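Chain lettering (A, B, C and D) follows the sequence in which the chains are written, and residue indices restart at 1 in each chain.
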C-alpha cells in the first residue's frame, strides 16, 4: 500500500537523511501543534456551545500567557533555524577534492561534461561514494538543477557559476528536474541521475566517446585564442602568470583582495577590466560573446589544472610543494 | 438590488437614495464603491478560478494532453496574476474594508471619497488591460516575472501584463493611503486607538504595507518593461546586470503582499470569533500589536524566496532567522482567537464556521511555513508543490475563508437581508472539505519532488494529482453556492434588522442597510471594543431557508 | 489658526460634507500628501537600490559616466530647483497672509523655474543623444574609453550606468512635469482668488510635493554627477 | 493648527544656505578625499534635504508628531530595502555561492 503512496522520495545521498530527519521532526511538531489547536477549538466549541445555555464569562487576557506563547515558540523556532542552517551550510560547502563536473543549462536541456571528457545530455552518470561537485551555468534563462533523491536544488544562472554537491550512496536511476520555470518545455527539461557501483562506472567511463579531458580541451582553446602571448609561464608576460593562481587570494589594482574562484576566472575572461590584478594594465580584450559556455568551462578547468591543488583531479590527494606560487602576480 | 430596496422603501438608505448607472459610476459613497469592487473582484475571482480548474484538469493525467505546453504556462501565469492582483489583494480591503472602515470608526465616509472612486477606476482600467492581455494571447512568465526570461526570452504579452499590474498597484496604494488617513483623522469622538475594532488595526497594518511595498513593485515592473523595450541591461546578465536584483526588488513587495492578503482576513476573524463566543477578545492589545508587528517584520524576510537562487550563504542565514521572527505574531493571533472561545457561549453560525476553517487552515499554512523558512528543507521543497500547497493554505485557506466569513457576517448590513443559514453552513463545509482534498495532497507531492509549473509529470505522481483535481471540483461548487444564494437573498432573503448577530461595533448601531452618511448623527463612543457583556444575546439564528 | 464654527460656515464650499471641521479636512489632506510622499520615496527607492548595487560593482564605469555628464548644467539645474523651492515656500507664506498678487507671481516664477529645469535637462539629454550614450542598439561608449584611458571601462557596464541615469532623471523629470501641471492649476485658482488665509490647503500640499521633487534632485545630483570628479592621476 | 507664518528672512536664509552647500559639494567633489568624497557628498545632500524638510516643508514648526513619524518610517523602510539587499551583495564574494 505504502509502496504506491510513498511519503518521501528515495534517499540516495549522504545529505538526504539529514534533511529527512529535520523534516520528520517538523512534521511531528506541526502535527502536534495543529492537533493541539484543533482539539482546543473543538473542545471549547462543544463544551461552551450556546445550546447548553452557556453564559459567557468575560476574560480580559493575560500578559503572562502572551509572553509565554511568544517566547516558547520563538525558542523552538530558533532550534529549527539552527538545525536547518547547519544542513544548509553542509549543502553549500563542497568538500575538498570533489570531482568537478560542469553543467550548462539551456532551454530546454542539460549539457553535462565530465572532467575526463565524457559529455552527456539530460543524463548524469556518477559512481557511488564519491563527492561530486557540479559547477553550473546557463546559456539563457534561469534554470534549477534539482535531484529530489539527493534533496538538493540550486538555481542555474546565466552569467555566472553556481555550485552544488552530493555524495551518492545507493545505485539506481533518479529524477533530475528543472525546478525554476524556464519557458515552454520547462516540464520537459528533465533527465536522469544514474548512480553506479564504482566498477560499473569505470566501465561506463571507458565505453563512451571522449573528447579529451576537459582541462586538455581548455589548454587547446587557450592556445587557439592566443592567450599564452601575454599569460606566459614566467614573470615577463604582459598578463599575470596563471600557474598556481586558482583558489588563491589575489590583490587587485584598487587594493581589494579577491579569491580567484571559478566566478573570478570567468569574469576575468569575459570582462577583464572589472577586476585587474595589481601591477598589470587593463589591456586584455573582452571575450564576452566570443567564447561559448562550454569553451569557458574548459578554460576554467584548464586554469584550475595549473594549480597543484587537488581540486581538479578526482579525489587524489597530492603533495603540494609549499610556498611556490602567489608571488609572481604581485609584481 | 432595486427590488430589495423597493420592499424597504419606507426608509432611505445608501442603496435606494439614487438610481441609475450614473449614480453608481460617479458615486463617492464608500459603500457603493465597495459594491462596485465586490462585483468586479467577484468577476475576476471566477476568471482566475476558471484558469485554476483548467490547470487541475490538465494535471489529471501525467501527459500533457488537454492543452499545449504554452497554453498551460499561460494558464498558471494568468491564474496567478488575476488571483493575486485582481482578487486577493483588493478582496477584503476594497470590499469589506471600504464598506466598514468608516462605519466602524464612526465616520461619514473615507477621508478622500473621490480618490476612493479613482482607485476603483484604476482597478477597472488595470482589469481591462489584463483582460485584453488575456484574450490577445496572455503572458507566460509566471506571476513572478523572473528575469531574464521575462525581459529577453518570453515572446508573449509581458509588457501589457506588467503595465496592468503597475496600474493595479496604484489602485492599491490609493486605497491604503485613504485608510491610513481615515483611521488617523476621521475617528468619532471617544473612538480612541485602544477602542478600535481589531478589523481596523488589521487594515491599518495592511495599508502600511500597501503604501511602502507597492511602489517598489511598481518601479520594478517599469524597469522590466523598459528593459524589454530598450534593452537597458539592468537585469540582463549578458550586459552585466544581475537577475537576482530583480528577485530582491520583486520579493521586497511580493512577500509583504502575502500579508496584504492575510492580515485583513485576520481582522475579520477577530470580529467573528468574539461575536459568536459572546466574549471580549482575549488579549486585545497583543492581537492589535501583532498586526503591526507582522506588517513591519514582513518586510525583513523577503529573500527566503531565494534560498536556492544564488544569494550568499550569509544572507540566506540572516533572512532565515528573520523569517522565524514574523512567525511569532502570527502564532500569538492564533492562540488568542482560541483562548477567546474559552468559557464563551459559542454558536455555529456560518461566519463562525468560516472562522473555524480559517483558524485550522491558517494554522496548517503557517506551520508549513516553518518548513520553508528552515534552510535545509527549503532547498528540497522550494519550487515544488510543497510551496504551492503552503501558499494556497495561506491565501485560499486563510484569506479566502476570511473573506467569505466576512461576507456572510456583514451581508445583512450590506444588503439588509439575511442569507439562507442552512445553505451557508453547507457551503462552508463543502469549501473546507474541497479545499483540503485539493491542497493537502500537494504537500506530499512537493516533498516527493514534483516541481511546480509542470505541464506534464512522471506517472508516479498521478494518484495524488487525481485527488487534488477531484478536490478542486468540490471546491468550485463550494464557491459557486454562496454567489447563488447571496443573489437569491437580495430578493427573497429575510429582512435583517440593525444588529442580527447581537454584535459589538459601531457598524451594528446603524440601520441595515445604512443611510448614505452611515449615521443619523455622529456617534460618541463611551464603551470599550467588544463589550459583549453589555449586549444582549440575539435569538439563535434558525436554519430556515 | 482657529477652527471656530464661524470659519466653518464662512467656508462652506471648501469643507467637504464628510468632515466635521475645516481643520480636520486640512490635516487629512496634509497627512495624505505626506503618506503619498512616503510611497514616492519607496518608488525612487527601488532605483536607488539598483543604483547602489551596481555602483558598488561597477564603480569605474559609474565614475566615467559621471565625468561625462556636464557639471555645469547639473549644478545650474540644482540651483534652479533650489530657487523654485524658495519661490514655493514664499508662495505658501503669501497664501497664509492672503497676498493674492504676490502668490500668483511666486507661483508663476515657480513654473518658470520648472520649465527652466526641464529645458536644461533636455539640453543634457540631447548631448547624451549626440554622444550615443542612450542605452539601446546605438549605445556606444568608445569616447569614454578614449577620454579616460586611466579608467577601465566595460561598455556593457557603462550602459547600466546610463540606464540608471536616464531612468532616474527621467522619472524625476516626469515628476517635474506633473508638478508644473499642478502649479498651473494652482496659479489659475490663486488668480481667481480661491485661496484665503483660512483655506489654502491645495497650495500647501502642492508645495510639499514640489519640495519633495526638489529633495530627490538634491540626492540625484551628487549620486549621478559627482561620483568621481577628482583629478585623474 | 500648525499654521505658523515664518518670516521671509528665514526663507531667504535657508535659500542662501542651500546655495552655498550646492557650491561646496560641487567644489569638494574635485578634491581627492579617497572614500570620503562619497561620504561628504551624501552628508551635504542630507543636510540640504533636512533644511528643505524642516523649514520649507514646515516640519520643524508642526505640532504634528505624525508627520515626523511618516518621514522617519519611510526612510527606515528605504534603509531596510538597501541594507538587506546589501547583506546579499556584500557577502557573495566570500564564497559558498
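Here, a residue touches a chain if its C-beta (ideal position, glycine included) is under 8 Å from a C-beta of that chain, and two chains touch if they have at least 3 such contacts.
As the structure is a prediction and not an experimental result, all values here were calculated from the model.
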item: Higher-contact pair (C-beta pairs counted), B-D versus B-C; value: B-C
item: Identifier of the chain whose CA centre is least distant from the whole-structure CA centre; value: B
item: Of all other chains, the one whose Cα centre sits farthest from chain A; value: C
item: Centroid spacing, where centroids are CA-atom means, of chain A and chain D in whole angstrom; value: 42
item: Chain B and chain C: spacing of chain centres that average the CA atoms, whole Å; value: 35
item: Centroid distance [mean C-alpha coordinates] between chain D and chain C, Å; value: 14
item: Residues within chain D bordering two or more other chains; value: 66, 73-74, 77, 81, 85, 89, 95-97
item: Multi-partner residues of chain C (at least 2 other chains); value: 27, 31, 35, 38, 42, 45-46, 49, 53, 58, 154, 156-157
item: Junction residues of chain B, two or more chains touched; value: 184, 212, 216, 238, 240, 244-245, 248, 252, 310, 313
item: Of all residues in chain C, those that touch chain A in their complex; value: 58, 60, 152-154, 156-157
item: Residues of chain B defined as touching chain A within the complex; value: 64, 69-70, 73, 140, 142, 144, 146, 148-149, 152-154, 237-238, 240, 243-244, 277-286, 307-310, 313, 316-317, 320-321, 324, 327-328, 331-332, 334-336, 338-339, 341-348, 356, 359-360, 363-364, 367-368, 370-371, 373-380, 382-384, 444, 447-449, 451-458, 463-464, 532-533, 537, 540
item: Touch list for chain A against partner chain C, complex; value: 271, 273-274, 276, 282, 286, 288
item: Chain C contact footprint on chain D (complex, rising order); value: 1, 3, 5-6, 8, 11-12, 14-15, 18-19, 22-23, 25-26, 29-33, 37-38, 41-42, 44-45, 48-49, 52-53, 55-57, 64, 66-67, 70-71, 73-75, 77-78, 81-82, 85-86, 89-90
item: Contacting residues of chain C [partner chain D, same complex]; value: 1-3, 23, 26-27, 30-31, 34-35, 37-38, 41-42, 45-46, 48-49, 52-53, 56-57, 71, 75, 78-79, 82-83, 85-86, 88-90, 93, 96-97, 207-208, 211-212, 214-215, 218-219, 221-223, 226-231, 233
